[in-house]
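Shown next, in structure tokens, is the structure this report addresses.
First chain written, first letter: the chains are A, B and C, and each begins at residue 1.
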Amino acid sequence: MINVEILIVGGGPAGLCAANAAADLGASVLICERDEIPGGQLVKQTHKFFGSRKQYAGDRGIAIGDFLLDEVINDPKIEVMPDTTVIGIYEDGLVLAERSEEIIKINPRKIIIATGAAEKFLTFPGNDLPGIYGAGAVQTLMNVAGVIPGERVLMVGAGNIGLIVSYQLAQAGVETAAVIEGAPTIGGYLVHASKIQRLGIPVRTGYTIKEAYGDGKVEGAVICRLDAAWNMIEGSEEDIKCDTICLAVGLTPLTELCWQAGCEMAFIRELSGHVPLIDKYLQTTNPKIYVAGDVSGVEEASSAMVEGRLAGYSAACSLGYGLDTAPSLQAGAMAELDELRAGPMSDRIRQGVEKVEKMVTKGGV
Amino acid sequence: MLINTGIPTKEDLAKVDPSAERLAQGPVAIVECFQEIPCNPCVDACKRNAINIEGDINGLPIVDFEKCNGCGVCIAHCPGLAIFVIDKTYSESHAVVRLPYEFVPLPEKGQLACALNRAGEELGNFEVVRVISGGAKNKTTTIWLAVPQDLAMEVRSIKAPNSAPNIQNSAPGLQSSPTDTLICRCEDITLDEIRRVIADGYRTIDEIKRVTRAGMGPCQGRTCRQLIAQELSRHFGIPMEEVLMSTFRPPVKPVKLGSFVKGGDL
Amino acid sequence: MKKAYDIVIIGGGITGCALGFELAKRGRKDILIIEKEYLTSGATGRCGAGIRQQWGTVLNATLARDSTYLFENLEEYTGYKGDCGLNQGGYLIVAYTEAEWTQFQKNLELQHGLNIPVQKLDPQGAKEIVPHLNTEGLYGATFCPTDGHADPFHCTFAYAKGAERLGVEIATYTEVTGLRTAGDKIIGVETTKGYVQAGTVINASGYNASAITKMVGMEVPVYPERHQILITEPVNHIQDPMVISFHYHFYCQQTPHGSFIMGIGDPTEPVSYNIQSSWKFMEDCATQVTHSLPILKNIRVVRQWGGLYDMSPDANPVIDEMKGASGLYTVAGFSGHGFMVAPKTAIIIAQQLTGEKPDIDLHLFSANRYETGELLLEPSVV
């Protein structure tokens, strides 16, 4: 049995920042990370980050992962357990984790869930043909394992992931036949779209995948136009030859542990799925549990890092650490989040966060 | 429109391009950034304080063309690769377009590179006159490409040498054959089956899970739960907010029974 | 939902659904089944779904035997299009103590008297049936090849769909909030979807049975007790029978789908409505089952869950009309074996309520046995 003050589930940007923040205030922290190398999605993000210097803007995700990990590893108050998956939070607050087929019992005083998000899947005929991947999976395959998925890709979804992965496919010498997007407008940052258009990769909004076909593997896809009500327009079908289809149709918060721990949950469309109801300190309705990053609503890595710090301060403070400094640190992180969410690209996030705030005021955390 | 295609229009560009007079005076940065996103490394990159953003971090960058001397440090610092430096004074016939580049192998000075416009169309092969490394950390290279004066405001990229051969899409005459739409990948449950049991009167995820096994496999519904919820939402016209979720149970991932045997670390 | 019914059944588990079906089959009209959540959401859908005829009392053995016959043709019997998943791979009941082994021999005589084809096996014989069984410390085993298990969801849905075809209405996601009486007679049921009149109300609400009878000020000694189960990923078929030990309180079966389902009882489990999963169960179950069936240590667990037994003091049900509220019947307290006896039990109750002569006399399950002390002690429960 491991007794620890703060257990952090997930060593991605939110989890690593949470660990640093909590340890800075004096709490002892254990991070359980299911992958061999902590860093979460940062380990495959070869592109530069947006945001400001406080969120390491201009640095590549992979480098940010390295800095954060260095800080964590060099902090005697933080223990990192890689290759360790938290599999359950039980009725008595005990946590089970699995590492190399061994069960580890952890008895934390506070838990910060920073499990991130999972890729959404899409329903269309042929959607189980080999050669159909989540775009995030392809990014891992290429940028972590050094393997390309195929020779010619159809990218479904023009959010940031679809646009960025198309660019990275090009960097790896893989052709992207087109990036199609069901919505009438591009969802990701336009600079990413411009960047791939310059390489000759067409971004086609108002198109969806009608079906994938092939004999035992993907050989092509039929795409077609959508009308304003998202209905397929008969006769607008086009055949796209490709051996790979990447689905970049969004992420959804990975909340199994929150549900298990009895946190009150709500479906918030703007936050991309079911999320735990939280107060402004990121505490859930289970007072033992805090959340940070995509698990509380899918957003950018920059805000995940700030949320991580906020959750780390909050959890440490609830254990009596940094009682004098924590309030200003928390206020600073909240102000940073407000700034990141101030722009028009964050309209949805702001609406989602407001919805959660309202539900919490009603129900009370 | 930019928002539909990612290709800025003439009108968009008119808002960020320097005047002809300024262009005639020497190298100058153009920031082709048209969307309010939370980002400001360009501001920090400019030692002459020539780039500013209005209001908070979401503001659009504005270049003070008088302060800008076209040094080009900002090019490799823009995470969106949206900054270019144009030097129309390079020679009478040619201008230099300095652009960010992140492909290998890098072109070498003196080589010809295929220039591309904002839509990725080839504009001809032109000489690379300089290659500036971004350094080990930054890794974005700046390529100086000498292009005919009239293409200075068109060329914004070069073709990567290892670009895949262009495979043509076949003409209509689709080769598709009827295939299943899968909902639950662990238990092989198709959309048709889900629709059939909904028609049969099963109307919640819990009921559908029990009658079809969708969501009972190793991933415990990580993917299909949401897809079934969407189908129920569509079928019954109820918002996703009101679709009842099923219970989430441990373990989050499959674990060997033997791993739980007592005698461990208690 | 109409305003008035002839019969209201509270509870959409297998007992309630089978009752609805059997009553409608006997010509009763105007039947409503009320279920708080979805059909099978209570004990039925959380149970191990074993079907065992090897009981230590005549009444239980007979009910289980006759129910087994019904399970054998449940699809045809109810007109169900699905597959009820019956797997008659037998029950191998293993004895680890001398006392247990002595009791098993007694049970064997009783079972043979009822034509239940139970065999007595030495440890080697048991190993022939389950080759991966660890026979260390084993006294012997009994085996009934026609025992087995079925899919609790499909069995319940089969009854429910059959009942609906015969005109029974089912209101799911509807909770009973009160009962109304006039004098000593039941007259209706209050629910979250409104009030419905009914002259006959059958309380088949399992572990909620006493909460229901309390609505008219009456007590039945039925209380909830958590039991837990885990299920593994599917693997190739390697085990036919349910393996069960009363001494170690565990059972383990392989479903036709290939997953192993197993559970272990905790004698210290308190009375409670708690159905959360515990890590201790995982540990206990894994430790015991991998000791008795070592090969299973490499199979991966995909899910664990808790459910509630509707326990009674003698681990047998209360099947009786409530004194002081005529027309209110309680059919609950099956103490973990309600699934396997539901088909026949439903028939007998339906026979009683429709004036037919019941096939089996159920007076041993009367409510007043707890007052008179004539308990029906069942030696064979897990």
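Quick note on the criterion: contacts are C-beta pairs under 8 Å (C-beta built on N, C-alpha and C of every residue); 3 or more make two chains touch, one makes a residue touch a chain.
None of the values given here were measured: they were computed from a predicted structure.
Visitor: What chain lies farthest away from subunit C once each centre is taken as the mean of the Cα atoms?
Guide: It is B.
Visitor: Give me the two chains with the most inter-chain contact pairs.
Guide: That would be the chain pair A-B.
Visitor: Approximately how many whole Å separate the CA-defined centres of subunit B and subunit C?
Guide: 56
Visitor: Taking each chain's centre as the mean of its CA atoms, how far is subunit A from subunit C in angstrom?
Guide: One centre to the other, that is 44 Å.
Visitor: Using Cα averages as centroids, what's the distance between subunit A and subunit B in whole Å?
Guide: Measuring from centre to centre gives 16 Å for this pair.
Visitor: If a residue has to touch 2 or more other chains to count, which residues of subunit B qualify?
Guide: 220, 247, 249-251, 255-256, 258-260, in rising order.
Visitor: Of all residues in subunit C, which are in touch with two or more distinct other chains?
Guide: Residue numbers touching two or more other chains: 277, 282.
Visitor: Which subunit A residues touch at least two other chains?
Guide: 88, 90, 96, 105
Visitor: Which residues, counting only subunit C, touch subunit B once they are in their complex?
Guide: Residue positions touching the partner: 37-41, 45, 82, 153-154, 157, 173, 230-233, 257, 277, 282-287, 289-290, 296-305.
Visitor: In their complex, what parts of subunit B are in touch with subunit A?
Guide: 2-8, 32-41, 44-45, 56-58, 77-82, 102-104, 116-121, 137-140, 156-157, 159-160, 162-183, 185, 191, 220, 222-223, 226-227, 240-241, 243, 245, 247-253, 255-256, 258-260, 264-266
Visitor: Which part of subunit B faces subunit C closely enough to touch in the complex?
Guide: For this pair, the touching residues of subunit B are 204, 206-207, 210-211, 213, 216-218, 220, 247, 249-251, 254-263.
Visitor: Taking the complex as given, what residues does subunit A use to touch subunit C?
Guide: Subunit A residues touching subunit C: 88, 90-92, 94, 96, 105.
Visitor: In their complex, what parts of subunit A are in touch with subunit B?
Guide: Contact set of subunit A toward subunit B: 1-2, 47-53, 57-60, 63, 85-90, 96, 98, 101-105, 118, 120-121, 123-129, 151-152, 163, 170-171, 173-175, 177, 184-186, 189-203, 205-206, 211-213, 219-220, 222, 237-241, 252, 254-257, 259-260, 265-267, 269, 273-274, 300, 302, 339-346.
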